[in-house]
Amino acid sequence: MTLLANILIDGIAYGMVLFIISVGLSVTLGLMRFVNLAHGAFAMTGGYLASWLIRAQGWPFAFGAAGAIVLTGLLGVAIEALVLRRLYRMPELQQVLFTIGLSFLFVASANLVAGPEVQLIPLPSWLRDPIDLGIRTLPAQRLLVVLAGLLVMMISVLIMKYSRFGIWLRATVDNTQAASALGIPVEWVYALTFGAGAALAGLGGILGAELLPLEPYYPIKYLVLVLVVVAVGGMGSVAGSMLAALVLGTIDTASKYLASDWGSLFYFLVMALLLAWRPQGLLSPGRT
Amino acid sequence: MNLSVLQSGFFGPPGALVPDPVLEIRRLGKSFGGLQVTRDISLTLNAGERLGLIGPNGAGKTTLINLITGVLMPDSGTVYLNAVNVNGLSQPQRVKRGLARTFQITQLAPTITTLLHVEMAIHERNGSIGNLWRSVDAYPEVRVEAMSILEMLRIESLAQRPPITLAYGEQRLVEIALAIALRPRVLLLDEPMAGVPERERHIVLNALERLPPELAILMIEHDMDLIFNFAHRIIVLAEGALLADGSPKEIRNHPAVRIAYLGLASNPDEPMTTATLDRR
Amino acid sequence: MNAFMRIKAAPYLLIGLVGATIYFFFPAQLPLASRIATLAIFVMSLDLVVGYGGLATLGHSALFGTGAYTAGLLALHSTPNPLLGLLVGGASGATVAALSGLFVLRYQGLTFLMLTIAVGQIIQNIASKFRAWTGGDDGLSGFTTAKILGLATFDLQGRVAFLYCTGVLLICLWMMRRLMGSAFGLACIGIHQNRLRMAALGTEIQPKLLTLYGFSGWFAGIAGALSAQVNQIVGLDTLGFELSAEALVMLVLGGAGSLFGAIAGTALFTTIHHVASNVDPYHWLFVIGAMLVCGVLIPRERWGALMRARP
């Protein structure tokens, strides 16, 4: 029973980290139709910045994390506005190639700046201590991850459905020219959406630093994991990403506990079966 | 005189000498969601017959072509090619049974030259498309046949050019060349004049005139002048159902057709030509 | 130059010339050149699927690694005859390609891409699990490669290996050119560029793609077997995602759809990787990354022709 509970807790936490990192990619891929294989680089950037602010600059954890997330978001906005927007009209393969090249540059830069070692983010005591929930105790960090994931999902859905920005975003995606003619500042919409996705990836990189160690090869190493969540969940569907991330994260954790010498085989087997069953993703896009 | 002999026909039961229609559709129906796009359509097409299919936009003409070719599966009804039920057959399988089509928006491989395109069609017909070893340049009979088709359509000068360098009318001719190369029994032409600029119309018209006479043709068109000159028989589709079926003259004067096309208050003396329709 | 290129044998002569130059004037680079030749066969096999067939895959290393392990196991347990090893390696690659193709080729676009990744990862994990056979993380070793055609054993300077690899490269190049220059090859290009048109010509699409995929697996397996024989060790990285991704980058750098681009791209990438890594193991990422980024941003018609094969 304890084993099952451990698997579930770790699996859900892992799934939440995957979700938070992937949701930005799902949105840009599904709604903006832009294939950004460098998405993991934002997760890495968030983690690296947080590590630097907290360790080298001595900031408290919460401020360091917040600062890193904001900076990563701004980096995302900058890259989108200066470079990526020229690529929207290009064929998919060009976008793939460019973003692979971009992630290579991120990897090499991370090594240049901080060396090849793993960057650690020291957790404050209030996150390391276990919290007693009554039924069992949980490390506070796990709880934070789960809460963060749920919060991100709720806020994303609320913004997309009910806010003015959400309406602008959906209009822009449906028909950019018409939206622009209606006075919607489409360029800002794209930039902010991309930046938000980058910031969320950064948040995921920080929260997931234990599970996905921060080292220069991060964007390439974890690219597959992120792509899997997006493809299985359905491009553009926030709820789909959540569902896919939780299912796959739990399965991967379970196989690590129970059948570790099979490695990630079950993860990919389940993924292949789910994709074969629903090639468009578990939840069809548009249903955020 | 034994009348029964006369009635049954000298060479056998009546109709024995009449070959099966190359294409027959019985009660074809299709809906998308709640919308009934094709309603209970039946028609037959015999060898050498030229059937025109007209109807206002949204009448379901292209859907009908897609149902016949196998791109879409019908909800009800059957398609027969040479009296064989082909409902379960895929697009390529129906092509192998003698069905060819052209597309309303030309569909060609952008960088394969015209000559190679036509040779590809011949290889498909021949069965040599599966050959893994012999270079495409090493089939002199195929090359000769392909060139003769291009010459028949007067496009031999386009042989080495890929579709991306061709004018729209020329691309349309390549499609017709491909259809001819397949040596089909039935050819479905989906708006051959669509998108063709005024100055290129005549080349498509000339090509249509050169189609083999024994070929059964079903042509969808909005161009009334073309249809009325080309077709032996015309059927009219409106809102997914067959409105009328008859000779060009009968259709031209058919009241229901005039209403569907020209609107309620129509002058019975007004001719149904492209010019008239354009004016409306 | 143009007249030279029009001679049918020109590409083979050119490769022969380059090879001879390296052999006589740069003998220290022979191991690197052998590696380039081996990888070039792999990247050409990828070109069949990506450049000609239009199917972007990130799981191609599964076929390479399968060929490598099969050849290694053959040499270890049965016979070290290299030519037999190549045939068996190729056959195993073709088999895995055909079996996985039955499943993955039903899908297109991103779904297809993800499924190829999944198949590759599943195979890699299986190889890791069955470490009694494959040696697991330590790799498969302890086998030797016998004399090629009974003629020459591998020497320490790598001369024989280089001639062997270059020979196999030329033969594979010739076979692939014939394959794609046939009516079948033309049909595959047609399927890539316009499936609707091909269906309207009566082409059965799935069988053609499966055949193409199978042949691609055959050549990828041969490349893997070659690698096993020359290095006399096979590691799990021969089945890894990194190899699949690098091969795709090599293909794209050189230009997809002509097979020659695959060779050029492999030579370029591998040389850069080799030279830059001597300075710092991460520096090659700067160079290749910059090349990819600039290559996309600066419009060049070569990039436009990437996904369109030249028949």
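The first chain written gets the first letter, and so on, giving A, B and C; residue counts start at 1 in each chain.
Simple rule for what comes next: contacts are C-beta pairs under 8 Å (C-beta built on N, C-alpha and C of every residue); 3 or more make two chains touch, one makes a residue touch a chain.
What you see is a predicted model, and the numbers here were worked out from it, not measured in a lab.
Trainee: I'd like the most central chain, judged by C-alpha centroids against the all-protein C-alpha centroid.
Mentor: Of all chains shown, the one whose C-alpha centre lies nearest the global C-alpha mean is C.
Trainee: With chain centres set to the mean of the C-alpha atoms, which chain is at the far end from chain A?
Mentor: B
Trainee: For chain B versus chain C, what separation do you get between their C-alpha means, in angstrom?
Mentor: 45
Trainee: Calculate how many whole Å lie between the centre of chain A and the centre of chain B, each centre taken as the average of the chain's C-alpha atoms.
Mentor: So the centre of chain A lies 52 Å away from the centre of chain B.
Trainee: Using mean CA coordinates as chain centres, what's the gap between chain A and chain C in Å?
Mentor: A distance of 33 Å separates the two centres.
Trainee: Could you list the positions in chain B whose residues touch two or more of the other chains?
Mentor: There are none in chain B.
Trainee: Residue numbers of chain C touching chain B in their complex, please.
Mentor: Listed in rising order, the residues of chain C that touch chain B are 178-179, 181-187, 189-190, 192-194, 196-205, 211, 305, 308-311.
Trainee: Looking at the complex, which residues from chain B come into contact with chain C?
Mentor: 69, 90-93, 95-96, 100-101, 103, 107-113, 116, 119-121, 123-125, 128-137, 139, 178, 182
Trainee: For a test of understanding, state which residues of chain A touch chain C in their complex under the given definition.
Mentor: It comes out as residues 83, 86-87, 90-91, 93-94, 96-98, 100-105, 107-108, 111-112, 116, 216, 220, 224, 227-228, 231-232, 235, 261-265, 267-269, 271-272, 275-276, 279-280.
Trainee: Report the residues of chain C in contact with chain A in the complex, numbered from low to high.
Mentor: 56, 103, 107, 110-111, 114-115, 117-119, 121-122, 124-126, 128-129, 241-242, 245, 249, 252, 280-283, 285-286, 288-293, 295-297, 303, 306-307
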